[in-house]
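Look for chain A in each of the two complexes below; its partner is chain B in the first and chain C in the second.
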Partner chain A sequence: MIETVLETEGLTKYYGSTLAVDHLDLKIPQGCICGFVGRNGAGKTTAIKLMLGLLRPTAGSSRLLGCDSQQLKPAIRQRIGYVTEGHRLFRWMSIAELEKFQRSFFPKQWDDKFFADMIEYFNLPRRRKIKHLSNGERAQVSLALALAPNPELLIMDDPTLGLDAAIRRQFLEGMIELIMRQGRTVLFSSHILGDVERVSDRIVVIDKGVLRANCSLEEFRAAVKKVILSFADSTPAEVDIDGLLHCRRSEKELELILVSTTDDHIGKWADRTGAERYHIVKMNLEDQFIEFTAPPGRKKLFRWEEI
Partner chain B sequence: MRFLALLRKELRECLPWMLLVAIAFFAVGGFLLRAEAYYGGYRHYSRLSPGTVVDHYQLTYYQTLNLTGPWLFCLSIGLGLVLGVRHFWIPHFTRTWPFLLHRSVSRKSILAAKLTAGTIAFVISLGTVWVALYWYASRPEVFAIPPTVRVFIEGWIFIMLGLVAYLGTALSGLSTANWYTTKIFGLVLATVIIVTTLSQWTLAGIFTSIAVSVAILLSQIFDTFLRREF
Partner chain C sequence: MALWIQILPGSSEPIYVQVAEQISKAIARGELASGDKLPAVRKLAAELVINPNTVARAYSRLEQAGLVTTKTGSGTYVSDPKLRRHDAADINILTDRMDTLITRGLNLGLEEQDIIAMFKGRLAKFVNKKAERRKND
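Let's look at the complex of A and B:
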């Protein structure tokens, strides 16, 4: 039986009058690698902090490993790894001191060899203080600290933010180390869709605090489509196709962003509206995400006119 | 083991300030005592020539340990403010609260470790130096009249006032309110208590006001820390 390791119900958070997370209903099954994506200010960090009990929800609730986030017992926290946004660690500590500090909280779980291997793999000097490490090195230490206790659930808040491509690759390979351990679940927020595509098997999209998608990566890839239809005379005045997200038009062309619309349905609609021809444009995940979360009218100033 | 790890970490963060204050107090206190013991030696009974009229008031007045009092008071309040900022304000600026709070210990333990480290810092940096200075001043043939026990207790009162300043700074640091509202409550309360205590004459009054203020501040700190968002 697949267990749900992370669950939120109507999770809502207001900062004053600003709505940061809006009725988030989310279920993450055990053993999946979940990319938690959203634009800047979408509410990813707030949602993660709510899940970890660092913030209090205005409404709703969340559960981690079956325990209410607001009542997370030390024994439950021990089973959850957390990589904070920006890899904020104690700057005055050396890597060795930080290892000793972290190990004290996982007396039975801590894997000395794994930590040593990761530090060696990342080529980090143990005696160097955190304040003397680069962003990338801090991220690597942060990941090693989170993985060495062998957590059942690993939550990472934008772990690859500000890292160059090479370090990001190393970081993700380190993450794959955990993924290879059976039954482990990872939730990581990111702006970099390439990273999500590389390691995730599930994607959660949040936009302005609202959950927009929670499905497998394949489902998301198959669901979001861009279709360009050409017309001999003029484009139809009304676009009434199912799953329409955005529609931009020029004189003789329509560009449609569709969600969960079958190719068959697109074909029939094209015939019905008298389109001369149509083609489905292949998009990468980043383009799909941008289109999926784009505010209406974004391209109005350029070639297309939003309707 | 977990609490000890937290305590070690908090003490390590205090260490530079503890050392600085201990060295400063030892240097100033030691200098004042040695200077008075050397130059004020004529006031010792054993060194008076026969027939000298002894001014007992003057002998009492020049209990030299008293001279270190203002220094002890200032250093203690300063240490309280600095440690309060180090323990409760800096993690906010360095954004290390989430990392610290996601430990497999309760929030109470995290807070208790900080407060215990703060208290230990006062005892080690100021308490031990104060005991050493008192011990030196009480030795025979150093001063005509050794410092009284009350002087010793007053020193500890100054140290406790530093602890009140520490708790006040901690409360203000933890508060998420605006400066012009309740955020300043901790510092204001600490200031009021310090001023009130200095104007008390009886030890009972002093200890009562300190005990009440510490109880208020501790209850507020625990309440704020356990409920606060990070």
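Let's look at the complex of A and C:
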């Protein structure tokens, strides 16, 4: 049986009267790389901090490796890696000092050679202070610090934000390297859907604090569809197709965004409503995400009007 | 072998399909011959920087198509073309695709013999590669 390494139940957080995370029920199985996506302000960082016990929930609970997030004992914390948004590291320490400091939290499993090899690969001087490193170099130190303790569960909050393509790729390689080891799990948030698609086998989508999807990446890819139907005279008044998320109309065309509707059902619905033609548009992950998290009735920001 | 597989994130084609399509093309061209071993799932995943499950999914798609066979504990091998089977449905799909190409060609104003010549030219690229490969072995 596959274990659940991360679990939340009704996890909720209000900041004053603002609802940031809304009854999140999430289960992440062991052994996956899970891409955690949502628009800016969707509640990803808050959810991650709640999971790690860095924030107190207003209601609900969460568990990491079977332990309540609010009462994570050092023995459990040693098995969890966390990379903060923006790679905040102690600026006054040198790389070597930071390694020593970080190693003290993971006395049993810190891999000195692995850390040294990574720092050498990145060509970083160990005696340089963090404050004298560039953003990219700081991110590289942060990646080495995250992987050296060989964490069972690695949680990274937008680790590749603002990084160049080469350093982003190093993070992706790091995730793949970790996941190849027995029983390792990664959860990372990102806005770069190409990265998510590349390394994830699972995707979690939240929108306005609400969980919208938690499934394999392939299921998500197969589930969200765009269909364009053309009608001879006018579009049907009622669009009663299963799985309808958005419906946009022009005079003789319907553009539908559907979730989990089979191609067979689409064909039958098109026949029943007397559509002249219909076309199932293949979308990429980014288009799927934009449609999936779009508010109802969304129009394009700029439109070409025919004069 | 991983070097010639190109991953295009952001494509409407899922990554596992991209990997499977490129390997099946290599088999058709004879760059991979019957009995050749595909890279181990984890090795290819690390080289391409993609999830190992994505590689496994690509391999199982190739296996379903009869292009490779997996020997437990040993690896995935390109299967013997003589043992591959096709049925009427496979042939139907093939003729549909050919119809699409012929339609395009005729609508571009190409003559019958032009289309036949193009088809033979492209086919030769696959067949010649296979012959070359046999000679080298």
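The criterion applied here is as follows: the second predicted complex is superposed on the first by the 299 of 307 C-alpha atoms of A that agree within 3 Å, B and C clash if a C-alpha of one lies under 4 Å from a C-alpha of the other, contacts with A are read in each partner's own complex, and residues count from 1 in each chain.
The definition used in the following text is that contacts are C-beta pairs under 8 Å (C-beta built on N, C-alpha and C of every residue); 3 or more make two chains touch, one makes a residue touch a chain.
Keep in mind that what you see is a predicted model, and the values were worked out from it rather than measured.
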| item | value |
| --- | --- |
| Touched partner set for A:Ile176, first chain B, second chain C, both or neither | second |
| Chain B versus chain C as contact partner of A:Glu197, first or second or both or neither | second |
| Contacts of A:Pro74 with chain B and chain C, given as first, second, both or neither | first |
| Residue ranges of chain A touching chain C (in the complex, touch as defined) | 32-33, 169, 172-173, 176-177, 179-180, 193-195, 197-201, 218, 221, 282-286 |
| Parts of chain A lying in touch with chain B, wherever the complex brings them together | 49, 52, 54-56, 74-75, 77-78, 80, 82, 84-86, 88-93, 100-101, 104-107 |
| Residues of chain B defined as touching chain A within the complex | 1-2, 4-5, 8-9, 12-13, 94-99, 101-106, 227, 229-230 |
| Residue numbers on chain C that touch chain A, as the complex places them | 7, 9-16, 42, 45-46, 49-54, 57 |
